[in-house]
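First chain written, first letter: the chains are A, B, C, D, E and F, and each begins at residue 1.
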Amino acid sequence: MDALFLEFFQNTGFYLCDYRYIIMIIIGCIFIYLGIAKHYEPLLLVPIGFGMLVGNIPIFKGLGLGIYESNSVLHYLYFGVTQGIYPPLIFLGIGAMTDFSTLLARPVLMLLGAAAQAGIFITFIGALALGFAPNEASAIGIIGGADGPTAIFLTAKLAPRLIGPIAVAAYSYMALVPVIQPPIMKLLTSREERLIRMEEPREVSKKEKVIFPIVAFLLCCFLAPAALPLLGMLCFGNLLKEAVVTERLAVAARNAIIDTATILLGLTVGASTQGDVFLTGSSVRIFVLGACSFAIATACGLLFAKLMNLFLKTKINPLLGAAGVSAVPDSARVVQHVGQQEDPTNFLLMHAMAPNVSGVIGSAIAAGVLWSLMA
Amino acid sequence: MYGLEAIQAHNGWAVAVVGITIVFTGLVVLSLIISQLHKVLDFISNPNKFEVFRPANVEPADKKDEPVEEVPSFTGAQMETARQYRMLARTLEDEFLLPKLLNLAVISGVDKPHANLGLLVRAGVITPDGQGFFQWNQDAFDRIIS
Amino acid sequence: MDALFLEFFQNTGFYLCDYRYIIMIIIGCIFIYLGIAKHYEPLLLVPIGFGMLVGNIPIFKGLGLGIYESNSVLHYLYFGVTQGIYPPLIFLGIGAMTDFSTLLARPVLMLLGAAAQAGIFITFIGALALGFAPNEASAIGIIGGADGPTAIFLTAKLAPRLIGPIAVAAYSYMALVPVIQPPIMKLLTSREERLIRMEEPREVSKKEKVIFPIVAFLLCCFLAPAALPLLGMLCFGNLLKEAVVTERLAVAARNAIIDTATILLGLTVGASTQGDVFLTGSSVRIFVLGACSFAIATACGLLFAKLMNLFLKTKINPLLGAAGVSAVPDSARVVQHVGQQEDPTNFLLMHAMAPNVSGVIGSAIAAGVLWSLMA
Amino acid sequence: MYGLEAIQAHNGWAVAVVGITIVFTGLVVLSLIISQLHKVLDFISNPNKFEVFRPANVEPADKKDEPVEEVPSFTGAQMETARQYRMLARTLEDEFLLPKLLNLAVISGVDKPHANLGLLVRAGVITPDGQGFFQWNQDAFDRIIS
Amino acid sequence: MDALFLEFFQNTGFYLCDYRYIIMIIIGCIFIYLGIAKHYEPLLLVPIGFGMLVGNIPIFKGLGLGIYESNSVLHYLYFGVTQGIYPPLIFLGIGAMTDFSTLLARPVLMLLGAAAQAGIFITFIGALALGFAPNEASAIGIIGGADGPTAIFLTAKLAPRLIGPIAVAAYSYMALVPVIQPPIMKLLTSREERLIRMEEPREVSKKEKVIFPIVAFLLCCFLAPAALPLLGMLCFGNLLKEAVVTERLAVAARNAIIDTATILLGLTVGASTQGDVFLTGSSVRIFVLGACSFAIATACGLLFAKLMNLFLKTKINPLLGAAGVSAVPDSARVVQHVGQQEDPTNFLLMHAMAPNVSGVIGSAIAAGVLWSLMA
Amino acid sequence: MYGLEAIQAHNGWAVAVVGITIVFTGLVVLSLIISQLHKVLDFISNPNKFEVFRPANVEPADKKDEPVEEVPSFTGAQMETARQYRMLARTLEDEFLLPKLLNLAVISGVDKPHANLGLLVRAGVITPDGQGFFQWNQDAFDRIIS
């Protein structure tokens, strides 16, 4: 019996534990804390955080417990991450939730969503310079797209080994948008610019809303076919929403489907961050590059907005450029917040949604381009 | 390999330029199309081809005009019956079959079920959907009762 | 850099495009238009139509984008079609939505649901005559069952190569039931017959409703075991609904489960119709046969109803026979509509639901018979 | 191979006849069974064996009769407390535990929580489900208050 | 044509039938009857019962109909059972439904949930004595955990061949808790003991509720890592619930996810009980051992409560010990019921929930221990 | 092999003892931790570090105090406008943008839309969530109207 106790004890987490697991468990708890107490992207930080706990319980190999063991439950659930299935399902739900009205009312704001994607490619170059292989550099660059599902999808396709650190970096910085963006926004804009008021957008007809997802899908996917899984689902979801007659399918997409995919994606991505494979030099470099990419993307959006103002008759508030990084809807809220600090009666949020959602389309195209160039 | 050398070796500059160009091309063209879309649609819908997609804020106006003129006046007893029918209709699905409602009314002992049901249909409180199902029009009901 | 641009351009849809893709994209848009603007079966035409767009973006092979590439997201989602998993799940939901009361109240109307299935077998013979192999002919015949999931299920089992055209034909004609059926109905019935009123069905007890799915399942599956996947789920769903105590499971079946299966089935079936494999002579023949099968099924139902009237004391309205083809609930609505054209106060819809739902059972049995004879 | 020849070669006529026969057999037998089912059930339920399945339209009658007679009359203060209890009950799930409700009432400073809760239970406003949980009976409440 | 009829007839259930299928169909009908008419665990007995009907339609092999044929729909759905995927998903939903307040308010009651698990290990020894192999004996012992998903999970891992009988035994006895437990409870407690009133539990803060699932998960899984799939999901679901900010994920977990998993698990577990493999001597022994294990678990809980009373200043009502077997929430209701028979104003249910939910944790740990010792 | 022999051969006693010991260890330690948890939390929260987690029953008190004092008095016309705003707000999501509501009010012909919207914001009927979105506070509305 003593032998059995000993054997059992040698299989407990207390015996198998390693300081790296403890570090990751603490990080997981911090994620949960930020999500619950600070309301930073709770729908993602809480599942990922708890997933980190799950993935860093020190377990013995062979029983089929760990996410990397081929017959474990976690492994089956992780399949949707490694094969890039969850991100398109999440995009289906996002499409079924998103209202593209403001974008349709003032399409020129879409350029801000394009400009901010420069962050992706600049980070890509930076990652190459830091010694990452091109496929890895692409996956790291997409962190600057500020779009969790897109980042996970591209990484699953190009550098599956890096899913953990890239997903964690992407979601961390998306959660920290309210911390990262404001200083850059204040630095690059003058008070006068931040005070600019946007005029009310025109009313958008139902027909336009129905046609938009079809046109956007066909155009973008003819241009960048590799954006198909993400943009196809995004536009499909949006069509289901705007068609009205398919409301019950849109309801399923924006509830059961997206929530289930979010739970499983968050949990398994978190669980893939096992201390011994996660805490490496390359993870640290990914985090540094990720922070840079957010800052660069924000700056690119802002500067492009200022550039546009040189040509436009009705000036736009350059703060809107910061919303081009996506991180829907957090960066749009940051724009609203920074704008209101100058003028509490200036409502920028609705306008910021236009670059915000076009940033999603932009980073999906960027992901398609990188995928087709690197695969 | 690190630094500029690595960038050069992996064709980094070219990829970045191609990438950002494609993203811009996509979104610029899309924004151009969108900006013309409503003009095209206006042009097309002038000949009233696609009445199905009416802009949302026109609808209430349409609805308001029609039923006002044709509402028959209701006696107190008829109002009471109408209220009973409302209760019964609530137990059914949104789109219901008239015989089902009538059947319920008969079972529940509603006064003159056929005549009063006919009255409600004529008053537009119960409206056909053109495919055999009927709907309860709460607005019309409210106008009649209050 | 020029080389890279050229390479990228050669991978865009603009370069790879082919007139057949354009044709399919236009057909897809027509499906979406019919669904949204004309309300023809929107829950299926919109997903299938958008799926056609998705499947006809000209993509380069090798990256894993296309539905026929083994590691693409679409391929994983299509698995539920090729293995016949979605149709039973949809039947589970249909069962949890269907009220068999009118059928229970007047079981003799069930014969009309049997008669209309003659269309399946006559079309089967026609397809043989047009040169299709027996397994293909069976899958084509089942179009006349007017039941999308059943058609997809049987085709997946017998002639997986034809899933695209058969699914599209089945759903197209189901959507066009209000166009196809009325002329046949008017041709084959006299005004006096169309004026026949049905008497109120008797009240059906709760116990009967609970016992019905069990009895129907056992009887039909003892007779045609191959109908098990479809009828099993249909009856199971109905039992969950009628049991009342399992209401929360019935709610899941008729919401999250059926809607998710419908979205994924519609999208992937649509995406499987790639122009280069879809636009063939055999697809055209399938469409011709499909139209015939609907017409024949309608006629068989009507004529059998007239035959029954020779023996019945209380005559039934022969229009009800047209509802026997299934196409729930559209063909029942057509019956109501045609009936009301003669007499606006004649409510046939409720009565038409009886042959309508028995047509579903009938075509599931027919599918089982064909499967077991052909496999 | 085409035409009649193909049909013959693949045994087409036989398959069609077998197929339609099976479909008819299945549905004819099923319709026969169903048509006898309610008679069998009536026969079985005569000895009142299966009280669990009561026909739906009997229930309302049952419910209406019982509580009317036993409703205790409520004073104004008691009505007020009943209203407070209703608010509290709404914060709980549909099936709740009595101690939980009582606890809430104590915390919220409801007047004479025990006595008034007992009153509501006796009046049938709060009814046990026989398994330890209780439910709020809105109908009974409405009768008492209005 | 006669040959075809004959061939078809030889494939019908009427021809292939065997008395064992009939027995199982009758048992399935009894399950359905108990679920619907007697309200015994209807959410599980109805699906399992109908599954028994589905699994005992006599089918011919080779077509891919049966649950044990590798390309059948049932086989794909059964995958979630054999790989142990559904039970953790169900635990996710249970976690998102469970309120651990009473447990947090009086943690000492958790010991009752531990004590009742002795039934698992005593049954394990009994099963060894009856000649079962150790892995089978473990799976049989876990029936005494009175927790369906746990039993199915462990059996899928240790003795997949026994999933049918063990699942059926576990759910049967869980449904029969109101029949099994009361006599034992009355036998082992005196009237005075049954009259003991519990004092109101203290108010539990939100923070405690949020921290509990994290602490419980880390502690239990460090101790018994093999409990990770079940406890991880249970605690994750509970965290989603208590975090409030992740309410929409908790809603998905306790509706779409758990209901779908329950439907598919119930149906396929039922369908796995094919008469010819199910009706064996070992199934009978499993049923006998299952009944014993429930009785023993109840007795252990009760006696441990009496033991605790020897040391506690404020006595606890020993009936609460019976709730330690889990069978949530039925055994807690039984406690309430038996308590009220002595004193109708004594509300034990809320207090019984504490040992009840800790019994779930306890049996998950026990499953983990057995899994790691036997695998 | 059967009976005691089988138990011994498969190490049954040891497994059972180890098993029950582990289960007890787990739950005993967990119960010890839990029993200390609220004390630790009380200690930590004394320096008011974690204001985010307020105990549930404190909130209502907070809410009650604030708005009562600062409610501006409403004229009849203003009340009417407030009712119109409530209707409009219902058509929006729970968290809505002020310009959107204002826009709706302008379209719907609400009297003095800006001034009255400002009034509602000051009266706490429409409250900011600190991130650019606003919410409708039904309690505050009820206090003003009734």
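Odds and ends about this structure:
Definition applied: a residue touches a chain if its C-beta (ideal position, glycine included) is under 8 Å from a C-beta of that chain, and two chains touch if they have at least 3 such contacts.
Every value quoted in this text rests on a predicted model; they were computed, and no experiment measured them.
When every chain is reduced to the mean of its CA atoms, the largest separation from chain A belongs to D. Relative to chain E, the chain whose mean Cα position lies farthest away is B.
For the pairs A-B and B-C, the larger set of C-beta contacts lies at A-B. Chain centres here are Cα means. That of chain C falls 46 Å from that of chain F. If each chain is reduced to the centroid of its CA atoms, chain A and chain F end up 26 Å from each other. Work out the mean CA point of chain A and of chain C, and you get 39 Å between them. Counting partner chains per residue, chain F has residues 11, 13, 15, 17-18, 22, 50, 53, 57 touching two or more of them. Multi-chain contact residues of chain E (touching two or more other chains): 4, 8, 36, 210, 223-224, 255-256, 369, 373.
In this structure, the chains touch in the following pairs: A-B, A-C, A-E, A-F, B-C, C-D, C-E, D-E, E-F. Within the complex formed with chain F, the residues of chain A that make contact are 1, 4-5, 8, 36-38, 200, 332-333, 336-337, 340, 347-350. Chain contact summary for the complex, chain B toward chain C: residues 11, 13-15, 17-18, 21-22, 50, 52-53, 97-100, 103, 131-133.
For chain C in complex with chain A, the touching residues are 4, 7-8, 11-14, 16-17, 25, 29, 32, 35-36, 39, 42-43, 46-47, 50, 53-54, 57-60, 62-65, 71-74, 76-77, 255-256, 259-260, 262-263, 267. Those residues of chain A whose C-beta lies close enough to touch chain C in the complex are 83-85, 88, 92, 157, 210, 214, 217-218, 221-226, 228-229, 232, 235-236, 239-240, 243-246, 248-249, 251-253, 255-257, 369, 371-373, 375. Those residues of chain B that touch chain A in the complex are listed here as 1-4, 6-7, 10-13, 15-20, 22-35, 37-38, 41, 45, 50, 53-57.
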